[in-house]
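The two complexes that follow have chain A in common; it is paired with chain B in the first and with chain C in the second.
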Partner chain A sequence: MVSFYILAAITLISSLMVISRRNPMHSALWLLVTFFSLAGIYLLLSAEFIAAVQIIIYAGGVLVLYIFVIMLVDLSKEAALRAAFHKPAQVGFAALFAAMVMAVVLTVAKRGIEPSRIQEAAVNAPDTTRAFAHELFLTYLYPFEIASILLLVAMIGSVILARRGVAAADTVREKEAR
Partner chain B sequence: MAETLVIIGVALAKIVVVFAALQVTIMYLVLAERRISAFIQDRLGPNRVGWEGLLQPIADGLKFLFKEDIIPSRADKVIFVIAPAMIVLPALMTFAVIPFGGVLTFGGIKIDLQVASIDIGLLYVLAMASISVYGIIFGSWASANKYALMGGLRSCAQMISYEIPLGLSVMGVLMMTGTLKLEQVVEAQSTYVWGVIPRWNIIFQPLAFLLFLTSAMAENNRLPFDLPEAEQELVAGYHTEYSSVKFAMFFMAEYAAMITSSALVVILFLGGWLVPGLEALGLPQIVKELVQMGAFVLKVSFFLFLYIWVRWTFPRFRYDQLMRLCWKVLLPLALANIFVTGIVMAM
Partner chain C sequence: MQIPPIDFTAVYPEVIVALVGLLVLAVDIFIKPQRKTSLSAIALVGLVLAFLTTMLIWDRNETAFSGMVAVDSYAQFFKLIFIFSAALTVLISPRYLSLNNISVGEYLELVLFCTVGMMVMASANDLVTIYIGLELMAISIYLMAGFQRDNPRSCEASMKYFLLGSFASALLLYGMSFFYGITGTTSLQGFTLSPNSNIIDSEVMTRLPLVLMTVGFAFKIAAVPFHMWTPDVYEGAPTPLTAFMSVGPKVAAFAVIMRVYMKTFGALVPDWVQMFTLLSILTMIYGNVVAVAQKSMKRMLAYSSIAHAGYLLIGIVSAGTATEMTGGKAMSATFASESMMSVMVYLFAYMFMNLGTFAVVISLGRADNPRDSLADYAGLAKRRPLTALLMTILLLSLMGFPGTFGFIGKFYIFKAAIVTGNLTLAVVGVLMSVVAAFYYVRVVLYMYMREPEGEVLAEGDAISSTMYAIVVTTMFTLLFGVAPGFIIDMARYTIERMLA
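Moving on, here comes the complex of A and B:
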């Protein structure tokens, strides 16, 4: 119980630091701390697999890509970017999105998650990784597959958006060459 | 009570012994690298300090300690100082789950020859490999140096790319043994095919072995994959601005990572500490364990030698070649390997 409170405090403080730091690299470093303390909380729940995946995917993959973007973006244009993100429509959308996320969080917090089924599977399997795989690939196979298709769609969409910019730049260059 | 004390004492002793052994190995691995590279290039190498240069690592260590520690004036000081620790830590922590022998019975106390046996051993190793990139990224960014930043960006892209074939090549072994515990992976290789050939994973997963070895070399930024610190273009890459002990820590991390990945190759594909036909000799248990530990050290040494041999034999890849090799060659091969393994196992 003590370790939970320590980890929870670290998670909350480091998340606050993530959104309050001026320098994006410092935010990234604090986000790394958040990911580790979250992994620690998963370990306390004896979900070793989730803890390892948390580190491999979020700390080792997602955050590295964030940092990659931070290093490539020209931060001296921050003021211009700030103006671009303060249009009323964008602020409204952000508020709506935040309200939706909060609604989901509050609903789940109020109703509570039912861990009984997962616990049953965990008792029957020799280790939690096996229990997790069993649930993921047998009980929740269709939601899992749909989620992966969703990710594929997002990936193809972003590639097309990126290519469109490249193609436009190419035509401009060709015109200039003429 | 006494039992708990014994358990804690054994655990502490194992941590100290493994840590010390790792440090000494790193020191002498650097010397080995310098001597072998000299041999390959028809030079002598450092052979003056002590007999055949055996005291050279101590001289080097002292030199690092007494060098001036320079922090660039425009550097981000806090991150600049913690970055070397961020790279050494995962490299050393990985070794905590590496089993280097079976069970040693010593005066009624059973000692597993492994610091920590955890259920998700293999995933833990992959997790540590995936966070080892942060020391390089933050160190290079905090240096406020363009060469360092370029090196950091390159390593960023390289390490997350090669992590994928690294993880996928292990999948075939995982499917065959059905466990993430590294010591169980080794024990699964202790039987024989037709009673003669040891059932090592390299026989059933030769492609995965090559993929793992290649990706591990890229993951450790060793030549021919050392683009993050390509001297001709980037001075010294991500550690350009580092000096004194901080530089030594970057250096240590590279060699520690080499030792860990060599140990992993041996555990996953070459039967770990197992020696074929050793049971038939009927040796006393303690002698058998010692022979097995020796075998493990020998196998790991071979791969360390291979690392050095490759470094001083092949030229460096160009950046686009590096990315093409990862995404268009290694990744499809790793997926095909999983597919074929799955079909064969289902039959």
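Moving on, here comes the complex of A and C:
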């Protein structure tokens, strides 16, 4: 219980830091702290697979992507950006949306959730990674394999679209050279 | 640990088409640019192999991969349509691709992978499989629509389809997640397998996934009011792809709709019959009326394909009302299977005639001028008598003229509607077919009666694989128009086994 409170406090504080820092790079680094403490909470819930995925995918992949984007965006126009996101209607909408989310969270917290409808073995398995792998590679093998083709198509597509731009620029340059 | 049996023979057609796609990808890198046409040959050979293996597993009736895949003749019937449409697309493409500097290899790969996606959808027995197949199909098409990156219209088409398509996918997934939440399973037998049936009876809960999934599928078949993307995307995309996507995704979505709605949502028939009736009427009226006002052939065919989705929905509605009919279980089952049979035959006919018509549009285009406006067709019969004749036959078939395959499709659809008591739908359908006759016959009149105004640009050369595709589609249109018994028996056989 003590470890839960420590981790929960770290999560809350670091996520507050994420949204309150001026420098977006600092926000991104605080987000890293949030991800790690969340992974700790998953471990406490004995969901070690989700904890590992949380660290590998979110801390390892998604955050690096964030940092790339931050470095690519021109932050010198911060004032203009700030103005663009502070229109009264936007603030009102954000407040309304946050209130709605909070209402849902509070109702659920008060009533409790019944996950009883999912009667799959995974819920009670002592080793969640094994149970997960069992489902993914045996029961859902076919969609899993098709998903690999899907990813291949996405990869081919990104190569085609990116290369086409270079090729077009090259032909323009050749024409100009002539 | 118990390992469930993995039976790859059940998905041989998909495996072969995917492997051929990979082969084209590999060969494309090593082959000289001037010999790229051999890639089309590889693709065609692969599709023939897939056709043969589909026939090989035709008679099986089981599920494979722990219930993820249904191996039944219903799925094989649709796989045949996809293989035919992919092969015809491979035939009609080379000329257009070389005129517009599109790389053959990449294009063929995506056509083949898209075909895999559609086959996965048709044989899916689980919501997860349906969704993965649908995304594989959709992502390939988003990419192909944007192939001409220096052409702003093509980019617009790709972007529009991508944004709206992902939104529709999201709605579909939302519906599927509710389905999972209610039943605790993603299997299509969900509502019947669920141990807790008191939730099924609750009114609101079961209708939520039904409505959301209907929206997702209606987007794929371009039913009004979810058709907004269709004209712009069809016009902006490369023409051979327009031909492919006006057939493939629509057929795949109908295959899934018939399986899901008849088997899974069988308890909710009154609800979805209402929804589809409304969609059908709106789609027929809007598609046909707006098509009259079009000057561009591609746009006209886009609206006509919207209208065809409306006719097809009549068949779905009839199948739904048939299952509710009183007067003996045997009779209602017969009417339901007859209605679904009419949809399948119509889809088969639609594939031939629509691909053929687009092939004619492609064969007339030139590098500097697509020549797809109505005025370009004036006096075509004098300049290209054979093409004009074939185009006339294909257009008459789209219209539903007796003696063509299109007539057979329409006849059975309207017959099913009348037998099951959907008179309103039948009347609207027949009236709208008259409107459709106006804009199809107008093209014929332009070709035969009208003299071209001003200077006439010569059309593209007639000798190309595109011409083979036109001749093949026209031949099938006439052949099955005169002797449709074979296709009808095939469809009836598959549907009876699926519903049993």
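The definition used in the following text is that the second predicted complex is superposed on the first by the 117 of 178 C-alpha atoms of A that agree within 3 Å, B and C clash if a C-alpha of one lies under 4 Å from a C-alpha of the other, contacts with A are read in each partner's own complex, and residues count from 1 in each chain.
Operating definition for what follows: a contact is a pair of C-beta atoms (placed from the backbone, for glycine too) under 8 Å apart; a residue touches a chain by one contact, two chains touch by 3 or more.
Keep in mind the model is a prediction, meaning the values are calculated, not measured.
K.L.:
Just chain B (first), just chain C (second), both, or neither: which does A:Ser15 touch?
P.N.:
After superposition on chain A, A:Ser15 lies in contact with neither partner.
K.L.:
For A:Leu161, using the defined touch cut-off, is the partner it touches chain B, chain C, both, or neither? Pick first, second, both or neither.
P.N.:
The answer is second: A:Leu161 touches chain C but not chain B.
K.L.:
Let me test your reading of the model: by the given contact rule, A:Ser27 touches which partner, first (chain B), second (chain C), both or neither?
P.N.:
After superposition on chain A, A:Ser27 lies in contact with neither partner.
K.L.:
Could you say whether A:Ile149 touches chain B, chain C, both of them, or neither, answering first, second, both or neither?
P.N.:
second
K.L.:
Looking at A:Phe68, would you say it contacts chain B, chain C, both, or neither? Reply first, second, both or neither.
P.N.:
After superposing on A, A:Phe68 lies in contact with chain B but is clear of chain C.
K.L.:
Give every residue of chain C touching chain A within the complex, in rising order.
P.N.:
Of all residues in chain C, those touching chain A are 1, 3-4, 6, 11, 18, 25, 64-66, 68-69, 106, 109-110, 113, 116-117, 120, 126, 128-129, 132-133, 135-136, 139-140, 142-143, 146-147, 149-150, 181-182, 184, 196.
K.L.:
Could you please specify the touching residues of chain A with respect to chain C in the complex?
P.N.:
117-120, 134, 138-143, 146-147, 149-150, 152-154, 156-157, 160-161, 164-165, 168
K.L.:
For chain B, which residues count as touching chain A in their complex?
P.N.:
76, 79, 118-120, 123-124, 126-127, 129-131, 133-134, 137-138, 141-142, 149, 152-153, 156-157, 159-160, 163, 167, 180
K.L.:
What part of chain A is in contact with chain B in the complex they form?
P.N.:
Per the touch definition, chain A meets chain B at residues 23, 25-26, 29, 32, 48-49, 51-53, 55-56, 59-61, 64-65, 67-68, 71-72, 127-129.
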